[in-house]
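Chains here go by letter, A, B, C, D and E, matching the order in which they are written, and residues are numbered from 1 within each.
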Amino acid sequence: MSEIELWILLLLAVTMLSAAVMVLLVKNHIAAVAAASVVSLGLALIFALLRAPDVAMTEAAVGVGLSSLILALALRRLGLWRLDGSKTKTNLLEHHVENRDG
Amino acid sequence: MIPAVTPELILYTTAIGLIAIGLAGVVLSSHLFRMVLALVIAEAGANLMLVLAGYRWDAVAPILTSRAEPAAMVDPVPQALVLTAIVIGVGIQALAVSILIRIRQRFATLDRKEAAERMDAEIAATLGAPRDISQEAPLGERPLPTLPADQINMRGDSP
Amino acid sequence: MGSLTGLLFAGGLGFMLLAVASGLDFGAPPMLIGSEIQAHAPQQTGAANIVTSVVLGYRAIDTLGELSILFASAVSAGLVLGRRHTTAGTQTKGGFILQSGGSLLFPLMMTIGFYIIFHGHLTPGGGFQGGVILAAAFFLPLLARPGARLHHKSLSLIEGFAGASFILIGLFAMLEGKAFLQPMLIQDTLGQLVSAGTLPLLYLAVGLKVGAELASLLSRLIQTEAPQ
Amino acid sequence: MMLTLLDELLLFSGATLLVALFIGRGLAAGWMVTILYGGQLLALLKMAVLGYGGGTIASSLSFEIMGQELSWRFDGLSWFFALITIGSALLSSWFSCGAWERSYIRQGGNIWLFHTAMALNVFTMLILLASGDLLSLFIGWELVSWAGFLLMVLAGGVATSAAMRYITYAMAGGMAIFGGLALIYTASGSLQLEAVTTAVEQMSGAKLWLLVILFGGGFGVKMGLMPFHLWQAPAYAETPGPGSAFLGAISSRMGLFAILLVLVKLFGIVNIESLKLPFTPIDARDLLAWIAVFTIILPTFTAMKQNDARHLLAWHGIGQGGYMLLGVVVADAMGGAGGLLHVFNHATYQAALFMAVTAVIYRTGTSDLNKLGGLVVRMPLSFVVLLIGIIGLAGLPPMNGFVSKWLVYRSLLNQGMPLLFLAAVIGTLGTILSVYKLIHNIFLGQLRVEHEHVSEAPWSMMIPMLILSAIIFVTGLLPGIPLEWVASALQTVGLPVPDHTLGGIESASGSLDMIWVIGVLFAGFGVGALVFYSAGRSKRVHQLDNYAGGHFLSADVRYQYSDNFYAGLMHLIGGWYRGSFLWLERSIRSLVEFLSLGMQGLYRRANAEFYLLTTALFVIAWVVI
Amino acid sequence: MSTNLVLTIALPLLGAFLLPVLMRSSVAIALWSGPAILVYGCWTVAELWLSGFAQPLSIAIGGFAPPLGINLYVDSLALLFAFAVQLLGLVFWPFTLDQESARRQSLMLLLVAASTGLALSGDLFNLYVFYELAAVATFGLASASGSGAAYVATLRYLILSGIGSVLTLFGIALIYSQTGTLNLAHLAQLAPAQLNNSLGLTAFLAILIGIGVKAELFPVNTWVPEIYATASTRLSAFLAGLLSKLALLIILRLLLLIFHQPEAAQVILILGILGVISGELAAWRAKEMKRMLAFSSIGQLGMIFIAMALPDGKGMLAVLALALHHLIIKSGLFMLAEDWGGALERLRGSAKASPLGAVLFVLFSLSLVGMPPLPGFWAKFVLITELAAQVEPLYLLGLTVFLLATVVEASYLFRIAATLYSNPAPDTLSEEIPKSKGLSLATASLFGAGMIAVALLIAPVGDGLQAIAAQAQDVDLYITTVSPAVSGGSQ
């Protein structure tokens, strides 16, 4: 694995891990879904780097595309499709959600 | 001693890190939707782990371009497994989301604790049984049994 | 307090798993069955893409199981979400660009999807990826015109028959005296479109099934009413 | 295939069960079952050779299941216990036919279930008595436990909770035995009876202790030995009348049978004696003896406080079990004979007493000692039966209880155990006091207005009672008859056999000849009667032909009170009744309740993922580090 | 024909795919196709069994020799469970004729196919796939009752199970990285050299916890009371009776074939003991029959885990006996509970209303607590003799807990029996007393008859189980039957 690939890998890893943390910490659900799809995207790229083009394609199609689509649709149906996260606290360290309907 | 930054360190850290973050998320989230998201992340980590199992230095993707040279290829089996695992993951995710929608409609809440409480209350109501523990004071019921002493009929005590 | 414990435990578990994983020899897998498959796959399945030969040949029953899982989750989602509610009235139509784009993209995506499916045994991609794209192709008009109804009857027909044909192809092999799901009709023309015998047929079944499954799933999701 | 005598007996018993099960609904069914019990008794008597000299008769029935041999056989010990079992079943069943049966049905009882339960009890007891290996012993044991549960639970209401309590105790005992069985199987690789001896040879002291505790405790639960005695009295007392006569007579003696078989015969008293309790001079045998003594004293004094005749008798049943164990544990010729003879004697008078009380309940509708009195003028025969019974129970001549108790006392003195002797005598004192309460409060004193028109018990009930009374007296006069069987049983378990005659016991340290004792006693009575009748004319007056406080008495005025009996005595010893065992039982129950609450809390609305995480962390940490 | 065995998996899947389509054309065909497939499945297995099945065999799917392709490993144990799956699928078949019945039936067929796969498959990842299929079908069926509580319970179960799957997948990844194969026989060959280390153990524990979710392993079984209380009784019976046993079967195979480390057994033992304690104690206080059964099944499975932890496969017979016994008894009890829902107090007087049901309940309870001539006694007997033979104190602790738990079990089961037989409260109308009747009572009677048949035929049944156990614990036989041969190693 070349030097450049190593750096790309590092960058991807950092991005993915921080996106994963964001998924849990960020207040806005839409942002969380977006962060989740960033994780999937990073994963797809890593798969590509790991000489797994089939898996990369699938991950891109399923993880980034379909899964995000499902989650986004679900957000709408759940009534969580709000761009401002101020009212909803779904914070990792909060135990109670003030806003019941999300 | 700080270990040298090698690809395997990065990759294993990413994979296991995703699993750990997902686990922590599932454990700590107070919102059901976030629990599902956390599950998705943990699954991604497991998938990465599986692909790592088949990686080979300086090998090519497992696709034959011509019949002549069987160059060193990465292991195709884990890749096939991951293909399966990804699709399984999305199936479960879709199901989870549709159940979420129903919960939201029934209970008007997606908070984990509230949903659990509502579930308990509904189970208790449908089963017609008294709830095992009073809600206001957990473990607050007198632990001494309601011994049917009058029924068991112990006439006279033993010394 | 509880959350801190949770974090610590998750971190601890991660650390320990990492410690265990560090014992693995990364980059030099034992490849006991991997290399064996690599050596025999072209003759046994006729697919240039060895991942495809594993997915549809060596581990075909896994794929069948996976299709069943997708089917099970679609059926379950159907059970959970119940009969579809038409809530078209409450939704705004997509804009002109979305609408026309949707109608333009539809044939294009169909083509791409089927291309990917049919070349699954030669190049990266296959039934799953193609199936997702097919689903997206069906789904796009729905996004553009929320009032439009997918033809659910035909979707479920496709769904059922595609899945059934996967099994029937397998059973056909049994009728021929071979094992269940054994690849047949392998041509000795590696790298050609018709090289891999029944494999592309299987992939077609997979693609159609995945596409139909996902399309109905998505449409079900989009047509469930939103909470007030 | 030839049927052996044992096969015949078991088939007869099984047939009785089937008859009760399938045609037990009619009124005649009771008589039919009773006749079949008679048939069982005849089948047993055909094996009488076992009771006179020993030997074994095997059943042709045997199985091999999962590598375990199961077989059944009868020997002197089994025969002796079977005789008591079938005898008491026959008389109880006879007692239940006719009048009692009709009143039971009138009160909403299920007579079919009653007969079935009785037949089932007898059948399972015979199976237990016939067990030829440890596994069949355990099978028989559990069957007897559950059959007893069925009989106890019949009455419903209060009886149900008593039976529930019983089954919890019985299961605990059964599981202790099961554990002991597993230990023996591990040590010797077999569950034949000889395996116990093999296991004992191989085991270390600690394991032997464990085994003695498991078996002693397990069998002791059934006997109602000291810490496990709480269940017995309410359970037996609340069983429908004839049922409690049967259970009181024999049921808990199955525990003694098993102790004799396993601990005395197979383990060997010597081996038990060799187990020392650390840091004390006490060994396991002393421990058993002291448990027996406390089982005599405490329940007997508890009986004294009872205000229900059935409960009073049932508590005594526990106490009398202590004498039996005491005699057997002393294990010399006299003690062993006394203990076993007491089994027989106890069965006779306990059945008679329960029947007499049931007869009183049949006529008056109550067994509350505070609501009865003066019935001697209305039910004189029942009074006589009860009198004979309590003389036997108290262990006074001329009834049979005296003989067996005398033997036990004698052996305690012979073996130099004065403290045990003293304690046993204290127990007898309590017995005498409390049985006097029984007979006084029911039959003596002022007749109640509501019982003015009570008549004697019907003959269907009277005849079995009279038969039992006759047995009590005859075996008191001629203890040699049962001693013959006892000797055979003692031989089987390997205990020394005393020299016995028709009238009693011959021994160097003192003989007993009941013919002489009773002769002297009756001579004394004769002298007394002579004096009484020759001293002058006596005048009969009616109970109410009297006055108090200047007023003539009338039937509706209570001038004789029987509640708060022994007030003075209770003033002295009342403080000792602390209910410690009840407290212990309740604490255990609370503990289970509390733990159960905790466990439900664990599952209820649990953060399952957190459990998963924690478990994963700890188990993986455990293997990695 | 042994290869027909594949059809027991393929046909239910085929049926499941086509049912919704068939339902549109002909309701009658659709209604009967499911049961027909299951009857055929029963017949296929039974035919193979009866035609002198003695030696285990391996069926290669796709015609690829085992370590490369996936194989079904068919021994008596697998056949027994395959038969049980098809039969119970038939017994618990959701016979309804509404709009959703097609979906429910097709999920049931999927569940049957997955369960059969779990019993037969000889490939680690294939087991995982079938496990997930069973899980998803279960989710669908569990949420089908349509109450809000059912949705919440299902979601909680889904997430727990999902996390379990992640751990399982992680374990599989570790195993594959270390050995490069997924075939169980092949792994059994390689295990002593390659998996006998902390890495192998970690992989096993990850899989144990993951699959333990379905097997009601102690701390990951909190879904049990929720799901059993909300899902339909038939599903609960299938889950408690059969699916948990199949998950157990996987763990057992892994333990026997691959992971011989004592630590693995110890973890199972400790978790089993905790499971017994928590389950039986929680059941003691349960105020409602279904919950009581749920907790009691946790306790019972804990006992099976204790048996499983016996070293060197000694507990095989005990596991088998306990599992089959629990299968029969719990299914029967759940069928009785179908009509006897609600607070236990309401059941007063039910014995008069439905005498047969009450008698069955008492019989099942007696067998559950191990009353001698009934099969439960023999199962427990086999277990305790093996436990007592162990020297390690932990096993003796297991024995003690087992015995004490039995006492607790008897106490709560017979409290219910006593309630059934007691007189109803004075102000209740006779119509209010729940009766056990109809199909559920008939099904329960079926299990009761089965139990009594086993009790009567205990000697041959015992011998048969011993033979099955001996065959299943023979690792060499497994390896030679599958004979995974790989010519080239890693290059």
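By our rule, a contact is a pair of C-beta atoms (placed from the backbone, for glycine too) under 8 Å apart; a residue touches a chain by one contact, two chains touch by 3 or more.
Computed from a predicted model, the values in this text were never measured in an experiment.
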If every step must land on a chain the current one touches, say how few steps get you from subunit C to subunit E.
1
Between subunit D and subunit E, which partner chains are common?
B, C
Selected interface, B-D versus A-B, where C-beta contact pairs are more numerous:
A-B
Which chain, with its centre taken as the mean C-alpha position, is closest to the global C-alpha centre?
E
Between subunit C and subunit D, what is the gap in Å from one C-alpha centre to the other?
75
Whole-Å gap between the CA centroids of subunit A and subunit C
21
Subunit B and subunit C: spacing of chain centres that average the CA atoms, whole Å:
23
Would you give the residues of subunit E that are in contact with at least 2 other chains, written as numbers and ranges?
125, 129, 132, 136, 139-140, 143, 151, 156, 159, 163, 170, 174, 177, 180, 182, 198, 202, 285-286
What residues in subunit C touch two or more of the other chains?
3, 6, 9-10, 13, 16-17, 20-21, 24, 28-29, 31, 33-35, 37, 39, 49, 51, 58-59, 62, 65-66, 69, 72-73, 76, 80, 124, 128, 217, 221, 224, 227
Please output the residue numbers of subunit D that touch at least 2 other chains, ranges allowed.
157, 593, 597-598, 600, 604, 609-610, 613-614, 616, 620, 624
Can you work out from the touch definition every pair of chains that touches here?
A-B, A-C, B-C, B-D, B-E, C-D, C-E, D-E
Touching residues on subunit B, where the partner in the complex is subunit D
23, 26-27, 113, 116-117, 120, 132-133, 138-139, 141, 143-145, 147-148, 151-159
Subunit B - residues contacting subunit C, complex
7-8, 11-13, 15-17, 19-21, 23-24, 27-28, 49, 52-57, 61-67, 70, 73, 75-77, 79-81, 83-84, 86-88, 90-92, 94-95, 97-99, 101-102, 104-105, 108
Which of the residues in subunit E end up touching subunit C in this complex?
3, 6-7, 9-10, 13-14, 16-21, 24, 59-64, 67-70, 99-100, 103-104, 106-107, 110, 113-114, 117, 125-126, 129-130, 132-133, 136-137, 139-141, 143-144, 151, 170, 174, 177-183, 186, 190, 197-199, 202, 486-491
Which of the residues in subunit A end up touching subunit B in this complex?
1, 5-6, 9-10, 12-13, 16-17, 20-21, 23-24, 29, 32-33, 36, 39-40, 43, 46-47, 50-55, 58-59, 62-63, 66-67, 70-71, 73-75, 77-80, 90-97, 100-102
For the subunit D and subunit C complex, residues of the former touching the latter
610, 613-614, 616-617, 620-621, 624
